Every structure is written in structure tokens, then in C-alpha cells.
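Labels run A, B and C following the written order; every chain starts at residue 1.
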Amino acid sequence: MRFRLTPRETSFYDLFAISADNVLSGSKLLMELLAAEPATRVEIADRMRAAEHAGDDATHAIFHQLNSSFITPFDREDIYRLASRLDDIMDFMEEAVDLVVLYELQELPKGVAQQIEVLHRAAELTAEAMPHLRTMEHLNEYWIEVNRLENQADQIHRKLLAHLFNGTYEAIEVMKLKQVVDVLEEAADAFEAVANTVETIVVKES
Amino acid sequence: MRFRLTPRETSFYDLFAISADNVLSGSKLLMELLAAEPATRVEIADRMRAAEHAGDDATHAIFHQLNSSFITPFDREDIYRLASRLDDIMDFMEEAVDLVVLYELQELPKGVAQQIEVLHRAAELTAEAMPHLRTMEHLNEYWIEVNRLENQADQIHRKLLAHLFNGTYEAIEVMKLKQVVDVLEEAADAFEAVANTVETIVVKES
Amino acid sequence: MRFRLTPRETSFYDLFAISADNVLSGSKLLMELLAAEPATRVEIADRMRAAEHAGDDATHAIFHQLNSSFITPFDREDIYRLASRLDDIMDFMEEAVDLVVLYELQELPKGVAQQIEVLHRAAELTAEAMPHLRTMEHLNEYWIEVNRLENQADQIHRKLLAHLFNGTYEAIEVMKLKQVVDVLEEAADAFEAVANTVETIVVKES
């Protein structure tokens, strides 16, 4: 038996929605990064760091709530996993921006823009999906689509690796760029992990 | 109190056996890769991808069963971990083949053959061990031997790293080969993680 | 209701203290590494390997105790996580020493000394904190300070990456050094994970 609408539990839903909205803000900053002149990237990195801190606060609030709640709207381990994976996405996105600034990368390969567009679409779907955890409806489309996006991200990532190693770039440049494309791929994987956790929650409830 | 032989629980055992048999098929494909001309590697990569998808199906079936079962033959977290780690092995093996094809690597260092032979032996032992989960017998030898193989894989991996960085290879080539040998080492670690999970299950039952 | 002082549970506290003391021994060996001539590094690596094995034994004892205990002093998953993260720290520290020897690195960049000093301070705090798990007192200062140290380690790591890629080093040398500084950064992250697990335990108890 579950008690869905007590104030305490409601706030889990609110906190997940806040965390996912924050991820969406992060993905918008990645889109800005693509269009930005190298000189303005530092300012974008600052805003990304602020977004990442806001995400940490949301994650921390969920863990605190989890540790002090006797009744939870779904399994504790799933709440823990969902919050952790949302937090991972922010960490990876922030790391990507940070590396671009730190290594003073100039032009980014076209595939990086494609990676970021996929991440942005996944972020939109994730932010739309979180409020549906309350009713557990309309979540199938979400996780199917995010799994499809992750496959697409995989293909883009593979092509990028082949491109980086095809002899165009010097070894040091390959190392720098590879770190960026790998961390963006990790962000895509983390979106899929969030979607799979949501699927687990829905299956248990059905 | 446990109910060992109901149909529902039986299928967990069957699913783990299917998953481990699939890992064994993957390790055979790695062995084929060693003997194959570069031109035929693409076809091996295709079959590896099919094996990896079959593995995903088995993992998914275990998770679905887990989420919809009230009684499980052993602790839920151990079932989750065992299925996840078996799935990890397939992912790492598939990634190794994929990278060899993607980077159009020509001759592989001898140590790679040694890595793959150790993985194949670990896969045979794992596939033999899974059916013993039902009776919990004869599993000691299995996990001791897999831990020994993982130590051996560690030594091979270390020697390979020293070899890659000894000045024989160009930097770009080192980067490509290092990805392959590292992911094969991760596969060896994942076999050990499977064995350690089996040990945990046996200890809890005894 | 909890039974804090039975012999069985007492030994969890003892085992965590042993594991953290062992981590402190490991961090002292890292400090020795900094001062050592390259020729004496092999001997330090041998002692590090012995310390890592001692850590494995402590971890194994905790898992064995966990799997065979009906009543535990705090949540099983937190005991599992705390033991695993302490074990991770030793693994990362041992890997760092191992890589320095394996790659026959000569002079290490100054930032590496800073990384190790931060790890050593975190190890001292962690070893001091573990005995306080019994009373759950004085742990706030510990985890706040370790989180601060992890931020400091992050900054040092970032500066090291910028330094490695600034054109001073050849590509192969960058790859070798990057592995060392990355694994030391992973050790810092693992100290934070230990501290966060301790915080979780304290919050649940309060």
C-alpha cells in the first residue's frame, strides 16, 4: 500500500522536476557554447558551474529527504539511482565545457555539434517526463525515445573517434578532443540510465 | 524460508545460464578475431553485435522478472548485480572488437592474444558455473580460479602497457591500442566481479 | 531498535578503523615516493602492494561479516558502500605508484606533490573519523573538511592538465603522466565518496 499524495512524498516529485529542469538549462548552455566565440566561452563555463552547483543542491535535497523519510513514493534504491544519474548528467556536461575552456580548443569538429544537439533533445524529453512520475502515464514514449537517442549518440561518437584518429590532428590535439567527445558520450549514456531507471519504476508499479 | 523450485524462480537460473552462454559465444568471437584477416573482421564485428543484443535481451528479461517477482531465489541486489556484471562483460568484449575495426588496426601485439585467451578461459568457467547456482555446489573452485585468471590478466595488461609505451609505436597508434587493451582488461575485471557476486550469494546461503 | 554494543557489531567498527589506518599507510607511502630516488621506487611499490593486499583482507572481512550478520549497526548498503569506497582509495593509490614505476617516469610535475599532500591530509582525517562512527559524534567537521580538500584536489588536477598539455611534454610523456594524475584525482574523489557515505549514515541515525 502506498500513500501517494502526502506533502512529504510530493516533494520528491518536485525535486526530480527541479533536477531535470536544471539539466535542461545545462544542455542549453552547451548549445550556447557551440555558437559562442572562444572569448565568450569562459562566461558560459561560469554559468555552467552555477548550474552544476544548483544541481548538486537538488541532489543533496533528494538524498536528505530519502534518508529522513520512512515512506517513499517508490523504492529507495530507485530514488537514489534516479537522483544520482541526473546528477551525473550535469557533471559530464559541466566537465565538457570546462575542458573546452581549459584546453583553449579552437574550432570543434562538426560531430561535437551533433552530440550536443542529441543531448539537448534528450534533456527536453527528460524534463517533460519527470512531472509524469506522479501519475506514471506517458512515460513509455519517453524512455523508448531516449534509448533511440542514445543509439544515435553512439553512432555520432564512433564516427568522431574515427575522424579524430584519421591523421588530420596532431597527437596532443587528439587527446584533448577525445576527452571532450568521450565525456559528451558519457552524458548520453547517463540520460539512458535515467530513462532505464524510470522504466524500472514504472514496471514495479504496474 | 525459501521456495527453490517454483517455475518462477527456476527461470532466473535459466536466464543466468543463457546470459553466461552468450558471454562464452562472445569470447569465441574474440578468439576468431585473433585468427582473422583484417578484411574479415567486419563480419566478426557484426556477429559480436548480434551476440551483444542477445545479451541485452537476457539482461532485460532478468530485470523484468526481478521487478515483477515478489519472491526471488536470492537477494534482489545480488540478482541485479550478477545480471549487470554479465552484461558488462559482453559490452566490453563488443567494444574491443568494434575498436579494432573502427581504427583499422593491423597486427595486434602478442599480449592481446594472451588477454583474449584468459578471457575465453574465464568465459568457459563462468558458463559452467551458472547451472550450479541451483544447488550452490562446486562454486568454490570456480571463483578461486576466476580470481586467479584476473591476476594473470592484470600481469599481461601491465606488460602490454610497458610495451606500448616503450618507443616502438607512434603516439596515435599507442592511443588506439591502449583503448583496446584497456577495454579487454575491463572485461577481465568484470569476470572477477561476477565471480565475487557468486561468492557473496553462496556465503549468504551457507 | 538497535543493539549497538554486541561483540558482532563492534567488529564492524574495528574493521572500518583497520581499513582506514591501512589507507593512511598507503598515503604515507605516496609521500615517500615523492622524496625517493627513482631507483628506490620499486621497493616502495612492493610495500604499497602489501598494503593494498592488507586492505583487500579488511574489505573481505567486512563483506563476510555483512553477509553472515542478521543485525548490523547501520544500513547494510551503507556498510557495503563504505567498505567498497575505502577499498577503492587503496586501489587508486597503489595504481599510481605502480604506473610511476612501470613507465619509469623521472621527475614528476610539482602539482603531483600537491595532489599527494592533499590525499595524505584526507587520509589522516579519515583515519581519525572512523573510530567516531561508534558514537556518531564529531563527524561533521570531518566530512566538511574532506569535501573542501576534494575541491582543492580538483583545482590542482585542472592546473596539472593544463600544464601537461601546454606543449612542454611530448605526446607519449603526456599520456603517461596523465594516467598518474588522473588516478590520483580518482583517489581524491573516493575520499569524498567515503565522507559522503559517513554523512548519510549520520543523517539516518539522527
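We adopt the following convention: a contact is a pair of C-beta atoms (placed from the backbone, for glycine too) under 8 Å apart; a residue touches a chain by one contact, two chains touch by 3 or more.
What you see is a predicted model; the values in this text were computed from it and never measured.
On superposing C-alpha atoms, the copy chain A sits rotated by 120° relative to chain B, to the nearest 5. Annotation: the chain B:chain C pair of sequence copies touches via predominantly different residues, less than half of the used numbers being shared. Inter-chain centre distance (chain B to chain C, centres taken as mean C-alpha positions): 28 Å.
Residue numbers of chain C whose C-beta contacts span two or more other chains: 77, 171, 175. Here chain C touches chain B in the complex through residues 63-64, 67-68, 77, 98, 102-103, 170-172, 175-176, going by the rule given at the top. Within the complex formed with chain B, the residues of chain A that make contact are 77, 158, 161-162, 165, 167, 171, 174-175, 178, 200, 203-204.
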